[in-house]
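There are structures below to look over.
Note that chain A is present in both complexes that follow, paired respectively with chain B and with chain C.
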Partner chain A sequence: MSFYGTSVSEAFDEKGRFDMKRVIALAMVAAVMAAACGAAAPSGGGAPATAVKLTSGKLVMGVINDQSGVYADLSGKNAVEAVKMAVEDFKAKYGDNALGGPIEVITADHQNKPDVASSKAQEFYERNNASVIFDVPTSSAALAIAKVAGDQKRLYINITAATTDLTGASCNKYTFHYAYDTYMLAAGTGKWVTENLGKQWYIIYPNYAFGQDMEKSFRSAVTKFGGNVIQSDGSPFPNQTGDFSQLLLKAGQLKPQVLGAMQAGGDLVNVVKQYNEFKLKDQGIKLAIGLLFDTDITAIGQDNMAGVVYTTPWVWSMDDQAKSFADKFLKRTGIRPTFAHAANYSAAWQYMEAIRRAGTDDADAVVKQLEGYKFNDFFIRNGQIRAEDHWVMHDALLAQVKPSSEAKEKFDYSKVLGTIPAETASRPLADANCKK
Partner chain B sequence: MDLGYLSVQLFNGLVNGAFYALLSLGLAIIFGVLGVVNFAHGAVYMLGAFAAYLLLQQVGIGFWPALLLAPLGVALLGVIVERLLLRRVYGLDPLYGFLLTYGLTLFIQDAMRLRFGIQGQPYPTPTELSASVSLGVVGYPVYRLFVIAFSIAMCAAVWFLIERTRLGMVVRAATERGELTRALGIDVDRWVTAVFAFGIALAALAGVLAAPMRNVAPLMGSELIILTFAVVVIGGMGSIVGAVAAGFLIGALASLGAVWSPALENVIVFALMAVVLLVRPAGLFGAREAT
Partner chain C sequence: MRRRDLAFLALGIVVALALPRVLYSALALRILLWALFAVSVDLLLGYGGMLSFGHAAFWGGGGYAAALLAKTFELPFPLAALGGIACAMLLAAPIGYLAIRRRGIYLAMVTLAFAQMLFYVANEWRGLTGGENGVQGVPKILPGLSVGRTADFYYAALPLVLVGLFVAYRIVHSPFGHVLVSIRDNEARAQALGYPTQRYKLIAFVLSGGIAGLAGSLYAIGNSFASLDLLHWTTSGSAVLMTVLGGMGTLWGGAVGAAIVLLLEDSLSSVTEAPGVVTGAILIAIVLGFRRGLLPEAGRAIEWVALRRRGG
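And then the complex of A and B:
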């Protein structure tokens, strides 16, 4: 029985007597060598009890999102980069063979179309043998993929779609909802604006799954905190003329205290631009924005947005931990990450951690590891994956756009006003109605 | 719904109409003389807006000079495109021209996307026009009134050019009876490059006008162009007066429809197009017989 070139027999001298000094010396050699080898093959803090065994010998992770349309900047190709970064960092931490095989990241453009999203997901799970799909902006497309994930019994971790239906009526055992949803946005912004800016709301929303869900969430939050939604109107989606003036004029006539704009991306930019143009602020109509990404602020102009209070799961400049990720991301992509980029990294990381804990990428085993899991990372604070509906509970932030004179550098858009505790930012389980 | 409110909404319609008019005017002229359906018109509109943005951002040139410089720059680009590419598809099946300009659209849009991203760039309203005036019920931005007035003036100027100058005569003749004009010994081809450049300069001008109130983004023209085609069909393919009149008419109708129900705004345009195609296939102002 040889151990590092020495053997137990060497503890006995030529005459077969047991030599204590030799034993101690041998033990020390063995200990030093073991320590040296341990450092060469790092296993990190919590080494898995058993080595990971991948079902197909390698791990394939898919990212499906919008790579050419309106949401291409806020997630898009850079979200794929974020997932790749997570894989590289994971290997750097746990070694190349951390998951017992190569890790591959594949990606597709769903063009914000539910049918394309659905067939791409099918292809990823079946043909490419993907174990998980990340991201998927556009709520209708996300719901389509959640259905495929449920049928195929493979994981889907949604990040950029906001609809609460993913953890509600359309929930299933294999779908998780990371980062944010319409409830979180309404719980933060709806409450703050109703309490601080005005109680009479006029809501305008893009007329599709996301917008309708936003309207519902904001209406109930506003009402809950003592406000009143006078009226709400859907705008065509996609809006071909880019014109929202008739709704803004209507706002001018209804004279609410707050105009709640639930549009996203390019539509939101047009709404805000035209809100400024019509000088509704001077008429005492304040603007509340449902969903705001850093890329929207770039398009509208920081100073045109200064003072706007909004809810977000994450701000890149919020603390050192977030900032160090943002620095790495900037070096790689040339931009500061939106919260969607950061969330893609974080979700991919937590998924790979779950595989390590489970010792396999088998969907049921990984789901078991994820359910109820409590964690913190640079993106998620006070996180807990709710087992009942797979909503990833965590603290959200109330942020405010600051004027460019206060910005320390390019993309330094917002300051954090306060934290919305995970409990408050998460839809109560009783309202979720998830039967998975 | 009171009348004052409706009439203000009418102004919104006229603003949209102003864009339709400028865009479809250029389309009509180009189609008339070149026989090419310029699908790249929306991309050119976007280039106009970006030209204004770049002039401001890179050189510090504001809105007023941009109103002249941006269309000029884009027109120069048009000259190159016409000489190098478009020239080759004249006389072929119109499908080739369509494919070429559609390809150009994708190329231009993606090139801009690569450089500027998808989400858009800010452009301020010129300070002289950033006030708003009271129109009875609500305040209305002066800039929008300017857009309406300016584009009406522009259309009038183009009308004058076409009705009262020699170039206009050639364009008119070539638009209405192309072969006959050539048969009479008029060298239409001499004017082709200029006409194309002028047509897309109008689109670029619309882009500059749009920059202060629309998101300046690579795809800003891609959806508008579809509506513009509908306008051209309603006005009558190749009819210059028709393009302008239909532009304003449809802008106004769509806006008033939207007051009733926001979803109607897009529906009205296409419903109207369907009706016109059924009842008057040549368009409201088209030639007497369908061509």
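And then the complex of A and C:
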């Protein structure tokens, strides 16, 4: 279709036959448009946006995540709000009829159970006719939904699950991985800490999939940049007693230069508190952290975390563009966004943009638009969607928690130390082993 | 009595056939398989008087075995399910052998302990089970038919589930089942009458494990993955809850309980922030209001109405 909405090729129907009725209709459309252009501005009709044709007349986007358990704070309900914000802003920019029909956001709490996640995803795709699902923390749940997406030939854009399997062994044509993965975290923190704080590492990790992945990723990153992992130990998961003294006392004896803690959420809170109690910092043992969300800092207390260096895809205070989103988000939800919230907004936005470019929400056409696409927005910098494995490459940040005395407001936790270029932050394709 | 059974059977089959049309197919499949699972628990709890709090071991053991068989050897799903049943029964034999030496709460604790052991084995044996991520990408295969879509798989699996339910029904209504009930009511007397009660209990335990294994196998293949959740203790707890909710010792009560629990879980997950709290509150209300379980209470209500009508 041409820009002005009519062309000769439209005189032919789907089967390529010449259709007199169409010619008459087209002639009328052309006449009306000519009149409209000559007179006032066209009232809604005729703009390029109406070129979008939705397969079911409306666009349904699903968000499946944990809304009542351990990940409810870092993504949860506020991630749904973020996607809704993206829809509202998209309409504000391109008009209510930007995608040729209403846009709906539906959501479900998967309670971190992969079977609930899988059946909810099927319900969304089959019953609600959702064309995309976002977020999905917990790697087993994310992998289950990726499988459903592949079977149903609908899109799934993962945000909160960290496993590299989504772009590796379990990759498929309809699954994308946004924001971050364990490789990115290790590539950033492992390199910087080894080069700047110390080469002798002692790694402690929670003994389940995420922790083991992190240990592996960090070990290879540290070794690659000239460091040495003296030892690494798993801690029981879940750690009901919250007691990490055994590992921390061992750290005191081993005297590494760096203590790498891969624990997340509540476990991380305990590790850091006990690290402070044992005064390991005074013994010259520096703390490096695998994964840190702003909500963790809220729980641990900013001053308890001050000085810690970590890798993150995004910090809300990094620049004006990010800040203006964070302001809107604060107004709406009462908190500053975590990177997962921002990523949900960004992913929803880019998905809708891809529909605009494709002119349809048909999954294959949208995938084609996304593959290889280069873009920047308030969240993604130097972004490129790798066609081969659907990893969304982009710059990551090295950030440091600052003491509360330097904070300008309650949620002002971190300052940015530097940028990790997209190439460095992304797992090399050769290692991905993705066969779509 | 016989006519009522037939009517129930017809109603059950109609409901089972219509379920994927009324609900979405993935939820229908979950209800169908949890129903079979709950029936296997009731076989043991309602008829044998044995509260197994570790049935997840057989549901999950069967699930993992079937998933691995289907994935590694690309077996058709009924064959993989047979493997799952065998695995579950192999697990149930030694666990049952040790567990039936105790009764009541102690039996529950022993079964729970074994199920937890299996959970940690599956978590640590990453090379085989994929640990936390589980066995992903399990194919649904049936030669000559395409069962890739959940709706198709539902109807392909339905005959196997009906066979499982029929086996449970036959067990309960056989001389073996009657002996089992007598053991439940008074083990000493059954022993005095000359029945080798331990052997009866062990056989019941293994059969129940096998049915749970069938349900778990189909669940894993139907979902296309087997994950640690299958073996989690809350899975055992849910199965017991469904059985108690629907009515112990009724065999089909568990199916009703399964439908209610899963429908609540599903519908609440989209509307409230805390599905667990709301589900829990509703379940407490049901258990307090209908002490015998939903199915027996419903039966009594029907009888009461019939009586009133005849009297009036």
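In this text, the second predicted complex is superposed on the first by the 386 of 436 C-alpha atoms of A that agree within 3 Å, B and C clash if a C-alpha of one lies under 4 Å from a C-alpha of the other, contacts with A are read in each partner's own complex, and residues count from 1 in each chain.
Rule of thumb we're sticking to: a contact is a pair of C-beta atoms (placed from the backbone, for glycine too) under 8 Å apart; a residue touches a chain by one contact, two chains touch by 3 or more.
No experiment lies behind these values; they were computed from the predicted model shown.
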item	value
Partner, of chain C and chain B, that touches more residues belonging to chain A	B
Which superposed partner A:246 touches (first chain B, second chain C, both, neither)	first
Contacts of A:115 with chain B and chain C, given as first, second, both or neither	second
Which superposed partner A:77 touches (first chain B, second chain C, both, neither)	second
Partner chain in contact with A:123 - chain B first, chain C second, else both or neither	second
Touched partner set for A:106, first chain B, second chain C, both or neither	second
Intersection of the chain A residues that touch chain B with those that touch chain C	68
Residue ranges of chain A in contact with chain C within the complex	67-68, 77, 106-111, 113-116, 118-120, 122-123, 126-127, 139-140, 143-144, 147-148, 151, 163, 165, 170, 208-210, 212
Interface residues, chain B side, partner chain A - complex	5, 8-9, 12, 15-16, 113, 117-122, 124-125, 132, 137-141, 143-144, 212-217, 219-220, 223-224, 226-227, 254-255, 258-259, 262-263, 265-266
Residues on chain C engaged by chain A in the complex (per definition of touch)	24-27, 29-30, 123, 126, 131-134, 136-137, 148-150, 219, 223-225, 227-229, 265-266, 269-270, 273-276
Sites on chain A touched by chain B in the complex	68-70, 72-74, 76, 207, 233-236, 238-243, 245-247, 249-250, 252-253, 265-266, 269-270, 273-274, 277-279, 282-283, 295-296, 298-301, 304
